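Two complexes come next, and they have one chain in common, chain A, joined by chain B in the first and chain C in the second.
Now for the complex of A and B:
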């Protein structure tokens, strides 16, 4: 990996940071359901999935740290809130169960498309991790699709909450495919086998198919993925950042 | 939510017997499988799970049928218990050997 051109190396580092931060931040938001999910079994399932995501984030952070000769914990916990590169979809707080299910569905569908592409990456480290993660993410997607159906068919209240959540999240969900500065370099080297615009198209097809089967219409936005989709931060995220870095910040440089 | 209870059986390795692991509560078949996986399969401890609705299980626990009052030891694969008869016969014959007598026929 040290033989990468500096421009390519920076592009790979940017891509890895987006992959890691998406999983990391979503994992923290969803871990908030531990102890308060709608039923005990779901409490365990949601918490377990949230933990899977933190595990995936760890794997991406380690690959990034190897590339940039850094420390994975420093990257995970040692950055200012503005230096995180997760999609704006993960700027929102946990909110209610329908909101969590809607966000999960939008994200897992996008992540599935992205991991499928990355499994064919020319970068062996990325391809290897994407291939392993796809096996776990397949189950995540099944689980959240099952909940989409339960809420869509659970009566007027749950259906309305689900529709409202989808409408509120849609434009920020697009930001999973917001352009990256290094995308041309990633595409040229086959590190990213397909453009983010193509991946977004495939994501929308799948979202349409799933929502169509539930009799729900996809919210639309004229704009598409916003250019600041991975840099805009919110007070909700700054609060979460304060929480998940509080222990690491309590003794800077400590060995845990 | 009208949850059903599902009994979960797990197999630790291919060829092993299915062993009852415990139960989960779930509103439908799909979530029952997901929860069974979370509780009995996410740590690589199982290669197969069977998830069965508890109300599909036929139960028999009638002591008249399962614990009949008469000695039915002759119906067991080992047949009659003859340990004590053997011991008495050996004593009459004056041979020791209370050890090892009647093995396999208890």
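Now for the complex of A and C:
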């Protein structure tokens, strides 16, 4: 796909970077539960899911590197914190288990909607990866939906923690669908088969259905996805960036 | 007297036989052929290049690169083409239905329950929950899913009420 028009190529590069960074940063946050998840079985599950996400990020980074003639490791580890394009949802630390479950639920539901659309992309590389990822992400979504029910029905403490986490995360979760500069070009070429606004609408329907089945109300937001949803960075993310780039920064250009 | 290279007469058979000798790095009792991860195999007319497509089981599987190298080395040793290229492809997704009947037996014999066939399922959303996975040790169907996530990305953990053993199953995907 190197024969794309420059404007379209830039738009595809921007899209790929958002897809990769969402999975990459969330994968690193969740890997922090390895060894300290609420129970052994969950330790295995969370770690496995985090590994899946890092693998998905790697595949998106490789596709991006092919497009821009870059090195996937450089893209993953060689950028300043301000150059990452993950949704603001991924700016928060892991916090407590209810917070992680709430974030996972909001993200997996959004990711499912996004991957369904991208499976029909006119870009063969994107469509192929999205089709494959959907099968893996199905397991993730089932897992986090089960945890949502468990916490919602687990008593006043877990239910309150879950509600508080959803309220705190909602506006940042919207950022998964924050506008991209290249969206018109992506839509025109069928690379993104549906607008981010349409995808957001479907995401909200699914969130409502799931929360409704648990007797929970969706936090309200009049504003919609913030325009700086993929550029605003926090000190929490800068700390994580310091962690996940520490090996790469210790010896620039080293290979292993 | 010239003794023809054994691979010269029927290159396709030689290539597939060589591939069948490459084990899965994580479950070495099954070969990459029986695992169904080999896509197209193309030998150029002039034998300048042999191109093999590798279909990863899971996108993040850390064994993929090991598999790719092992396939490349084994095929290079055949001496059938000047250059061997093993390329990852996601053009068509690998699914657990690609594991051969022989591969399923090999998995069972080494204590891994083979994945249920996806065509028996009605929707992707029902993947891990509704299927009966017989115990690879005693054959009992009285088994329960303990964890859809196991020690590697492609495995789930079950418990058998028949022989009271935990066991691992290859995930249907």
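In the analysis below, the second predicted complex is superposed on the first by the 256 of 256 C-alpha atoms of A that agree within 3 Å, B and C clash if a C-alpha of one lies under 4 Å from a C-alpha of the other, contacts with A are read in each partner's own complex, and residues count from 1 in each chain.
The rule is short, and it goes like this: contacts are C-beta pairs under 8 Å (C-beta built on N, C-alpha and C of every residue); 3 or more make two chains touch, one makes a residue touch a chain.
Predicted model only: the values in this text are computed from it and were never measured.
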{"item": "First (chain B), second (chain C), both or neither touched by A:129", "value": "second"}
{"item": "Chain A residues touched by each partner, larger count belonging to chain B or chain C", "value": "C"}
{"item": "Partner chain in contact with A:248 - chain B first, chain C second, else both or neither", "value": "neither"}
{"item": "Touching partner for A:187 - first (chain B), second (chain C), both, neither", "value": "neither"}
{"item": "Contacts of A:232 with chain B and chain C, given as first, second, both or neither", "value": "neither"}
{"item": "Which of chain B and chain C A:59 touches, first, second, both or neither", "value": "second"}
{"item": "Partner chain(s) touched by A:142 [first = chain B, second = chain C, both, neither]", "value": "both"}
{"item": "First (chain B), second (chain C), both or neither touched by A:150", "value": "first"}
{"item": "Chain B versus chain C as contact partner of A:41, first or second or both or neither", "value": "both"}
{"item": "Set intersection of chain A contacts, chain C complex versus chain B complex", "value": "41, 44-45, 48, 139, 142-143"}
{"item": "In the complex, chain B residues that touch chain A", "value": "1, 3, 24-28, 30-31, 34-35, 37-39, 42"}
{"item": "Residues of chain A touching chain C in the complex", "value": "41, 44-45, 47-49, 51-56, 58-59, 124-125, 128-129, 131-136, 138-139, 142-143"}
{"item": "Complex contacts: residues of chain C adjacent to chain A", "value": "58-62, 89-95, 124-125, 127-129, 146-151, 153, 157, 171, 173"}
{"item": "Contact set on chain A toward chain B in their complex", "value": "38-42, 44-45, 48, 139, 142-143, 146, 150"}
